[in-house]
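Two complexes follow with chain A in common, the first pairing it with chain B and the second with chain C.
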Partner chain A sequence: MKKVFAIALGIVTAIGGFLDAGTVATSGEAGAKYGFGLIWAVILATIEIILLVEMVGRFTAVSQKTYADAIREKFGFKFYLFPLASELIAESLLLAAELGGVAIALSLLTGISWHYLFPVAALLVLVLVWSASFDIIENGPALLGLVTLSFLVGVILLGPPKLTLLQTLWKPPVQQGQFADYLYLVAAILGSTISPYLLYFYSSGAIEEHWSGKSLLLNRVTAIVGMGFGSIGSLALLILSAIVLRPLNMQAGTLGEIGLALAKPLGIVGSYLFAVALFATCLGAALEVTLAVSYNVAQGFGWEWGQNQNPVQTARYYTFMIVFLLIAVIIGLTGTDPLQLALFASTVIALFLPISLSPFLFIMNDPAYLKDKTNGWFDNTAIILILLIAFAVAIVSIPLEIITGGG
Partner chain B sequence: MKEQQQEQVREQEREEIREEIAPREQILVMRNIMDNQLESSDDIEIGRVADIEAELRPDGRLVLTRLLTGPEALAGRISSRLRPIVHFLLRNHFEHSIPIDEINGFHPTLRLRGRAIDYATGESERWLANHIFRWLPGSGWKEWHEQFEQPATGAAETETAAETRTEETRAPGHATPGNAAAASHQSQHHSH
Partner chain C sequence: MQSIRKRQVHGLQMNKTGFSLAILLALLMWTLAGCQFTQSPFALAVSSAGAEFAAAATTLSYVHSGKISTQYAQGSFVNYRSQLDGFDRQLPSQQGAPGRASIEQLLALYKVAIRAVDDPCLEASCNWQAQVAALNRASQAFLKAGGS
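Let's turn to the complex of A and B:
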């Protein structure tokens, strides 16, 4: 019974915790600009994240090591600095975007400018990481995040899409001069879904929850069913934006604008549901990003770490966490729009994916860690292909986006 | 009498470790323990092996003597040119070494014989706890201080006893500028 409950909780939290500022921004903008023309990218990214989460869970359950431990021990300190640096750059941008998302959600609920609410969001995250246990951080916002299923309700209430919109599924409406922007969004979708922070968070969480070889079923079900269904929220938001915002020529340029997509089928309740969904998903992601990067640094340098201990027992881990939060607050206080920041952070993550994840391929094929549970050829081929796609798209689209100024 | 028995047991363990690592395998061991986790006997992760110090004995044996931790050793791993710069900035303040005899067996996690408080490695954790975290609400400093810091007198006794065991073992942590420099020099040849 306990096992069934653990599996159910794992699935539910994976569904509720799938979205974040990056996925909300990319799904909303993709639907509004290109109709269903980027659904393929969401599906591709979902397949990739299912594979990666299953692998990292298997790795930690069998080896009792986290991903950061393994990178440092197998490749040495010098190599470890590359994924670490890429994580610090990309995730500090992402954390600033997530805090901005929380602030905008609070702004939608209270009417106060998000600029004033940004420090409040940062303070809320600080208080939670300081005082809450791992279970609360993992499950609390994710359970609240189930409200993202209202996106699916919205799609059902709107009814079937028009044929012209359906055609965008196989014929994306990319007009002249928009190709760079299209590629930029592909990279952002891949980067926002396949965020390496998830790997650090998931593997550290497996240690926090004392996973062992017996947890492999829980891991597999959580990865496949939880992440698979979790992508429904992302797909539903993309479809909503395509049905509601695209005909109005709205580009989903802000998170608030994306929220209008839910207001059409559900009225004022839809607006509030979107605000709550945005709050829950961005808060959950902000907590996970903060923890993931702190876990990474603490494990890489061999410090005591863990969310289930008093802060004083893991003083270096908590000190880094506070410094990292401060960096994100400084980035956020520059006033950059959280949606644009989320898109940029997601594209940067896509660019860094080969650096972040290539060690993973080697580790997952090392019997010294995984005994007889190493990767098969399918896992390896799929990961390499998708990593290459993400990298190629990001490296082409970022300069193009800068040169063309987004047009 | 009891101390003598303890010392005999320790000496036997040291001999076992020496025999365990055949000379041809010593370089392999050196490679393998680089970057490994250091964990004290009270289950506290205090750092990772940043570098190692080895001695070439007159009989031609290469003997691993100390494990190094700290930013200077790490800087040396990135580039030999970086090490003097970091040394100029930090002046050995954060460099520590642990005698090889302190290791209780060679496993992926290197388990040490002493408690965390016995080693200077990880001192920054305690400094942060005692100087900053104690003032922060909800940090759990009071309970931690009562549990881990108060029996420090016991730790001091352990250390004193340990120092009498052998002049090479223990003297936990603090790398003198001399031995850190030696470590730096030697490890450039053996550690990478």
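Let's turn to the complex of A and C:
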């Protein structure tokens, strides 16, 4: 019974925790600009994240080591600094975007400018990471994030899409001069879904929850069912934007606009549900990013770490957490729109994916860590292919977007 | 001595590889830009301004039809203002901008529409329909100028 409960909780939290500022921003903008023309990218990213989450859970359960530990052990400290540096750059941008997402959600509920609410969001995250246990941080916002299922209700209430919109599924409406923007969104979708912070968070969480070889079933079911169903929120938001915002000539350039897509079928309740969903998903992601990067640094430098430990015993871990939050607050205080920041952070993550995840492939094929549970050829081929696609679209689209002032 | 020389040769080869990659990337960017893979900065700017005006019009209509709360609209308009702030100063100097007459026409529509964005009529007592009409006019003109 306990096992069934753990599996159910794992699935539910994976569904509720799937979305964040990056996935909301990319799904909303993708649907509004290109109809169903980027659904393939969401599906591709979902397959990749299912594979990666299953792998990292399997790795930790069998080896009893975290991902950061393994990189340092197998490749040495100097090499470890490369993925760490890429993580710090990309995730500090992402954390600023998540805090901005929380601030915008509060702004949509209260009417107060998000600029004033940004420090409040940062303070809320600081209080939670300082005082809450791992279970609360992992499960609390994710359970609240289940309101994202209202996106699916919205799609059902709107009824079937028009044939012209359906055709964009295989014939994306990319006009002359828009191809760079289309590629930029592909990179952002892949980067927002396949965030390497998830691997650090998931493997550290598995240690915090004392996973063992017996947890492999829980891991596999959570990864496949949880992440698979989790992507429904992302797809539903894309479809809502395509059906509602695109005919109104909106491009989902701000987070609040995306909520209008849910307000059409559900009325004022829909707008509240969107604001709550945005709050829960961005808060959950902000907590996870803060913890994941702090775990990574503490494990890499050999410090004491753990959310269930006393802050006095893990002083360096908690100090780094505060410094990391401060960096994100400074980025956020520049006033850059959270949606644009989320898109940019997601594309930067896509660019860095080969640096972040290549060591993981080597580790997943090492029997010294995984005994007879190493990767098969399908896992390896799928991961390499999707990483290459993400890197290629990011390296082509980022400079073009910067040159033209888009993005 | 030999190892130093080897390192120098290796360093030189690495530099050459890096240089070749940079050239290749620059050529790729140039080709893609030449192939109309990107819009001009002017087209991009007016398209996104047009889309923001459309969003503002929809927000205003939704708040008066009870689909969203006044707070939701207030929070949204803060973002629209941020997106459109300083647009009139940047527009004439954007690369790919058309003649002066077209720019002035767009700016005239912008001036009326931005007033609605800065001070949206969220109460039933004022003439919100006129604001929605001004926002829609600006949106259509900007999207057309951007080639959408």
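A few remarks follow.
Convention: the second predicted complex is superposed on the first by the 406 of 407 C-alpha atoms of A that agree within 3 Å, B and C clash if a C-alpha of one lies under 4 Å from a C-alpha of the other, contacts with A are read in each partner's own complex, and residues count from 1 in each chain.
Here is the rule we go by: a contact is a pair of C-beta atoms (placed from the backbone, for glycine too) under 8 Å apart; a residue touches a chain by one contact, two chains touch by 3 or more.
These numbers were taken from a predicted model, which means no experiment stands behind them.
Contacts of A:399 after superposition: chain C is touched, whereas chain B is not reached.
Considering which of chain B and chain C touches more of chain A, the answer is C. In the superposition on chain A, A:132 contacts neither chain B nor chain C.
Using the contact criterion defined above for the overlaid structures, shared-chain residue A:315 touches chain B, although it does not reach chain C. Once chain A of one complex is fitted onto chain A of the other, the partner contacts of A:327 are absent, as it touches neither chain B nor chain C. In the superposition on chain A, A:89 makes contact with neither chain B nor chain C. After overlaying the two complexes on the shared chain, residue contacts for A:267 are found with chain C alone; chain B is out of touch. By the touch criterion defined above, A:384 reaches neither chain B nor chain C. Interface residues of chain B facing chain A in the complex, by the touch rule stated above, are 34-38, 44-48, 50, 74, 77-78, 108, 122, 124-126, 128-129, 132-134, 136, 138-141, 143-144. Here chain C touches chain A in the complex through residues 25, 28-29, 32-33, 36-41, 43-45, 47-48, 50-52, 54-55, 58-59, 62, 66-76, 78-80, 82-83, 139, 143, 147-148, going by the rule given at the top. Considering their complex, residues 65, 69, 72-73, 76-78, 80-81, 130-131, 300-305, 310-316, 318-319 of chain A touch chain B. On the chain A side of its complex with chain C, the touching residues are 104, 107-115, 175-181, 248-251, 253-257, 259-260, 263-264, 267-268, 270-272, 275, 335, 337, 395-396, 399-400, 403-406.
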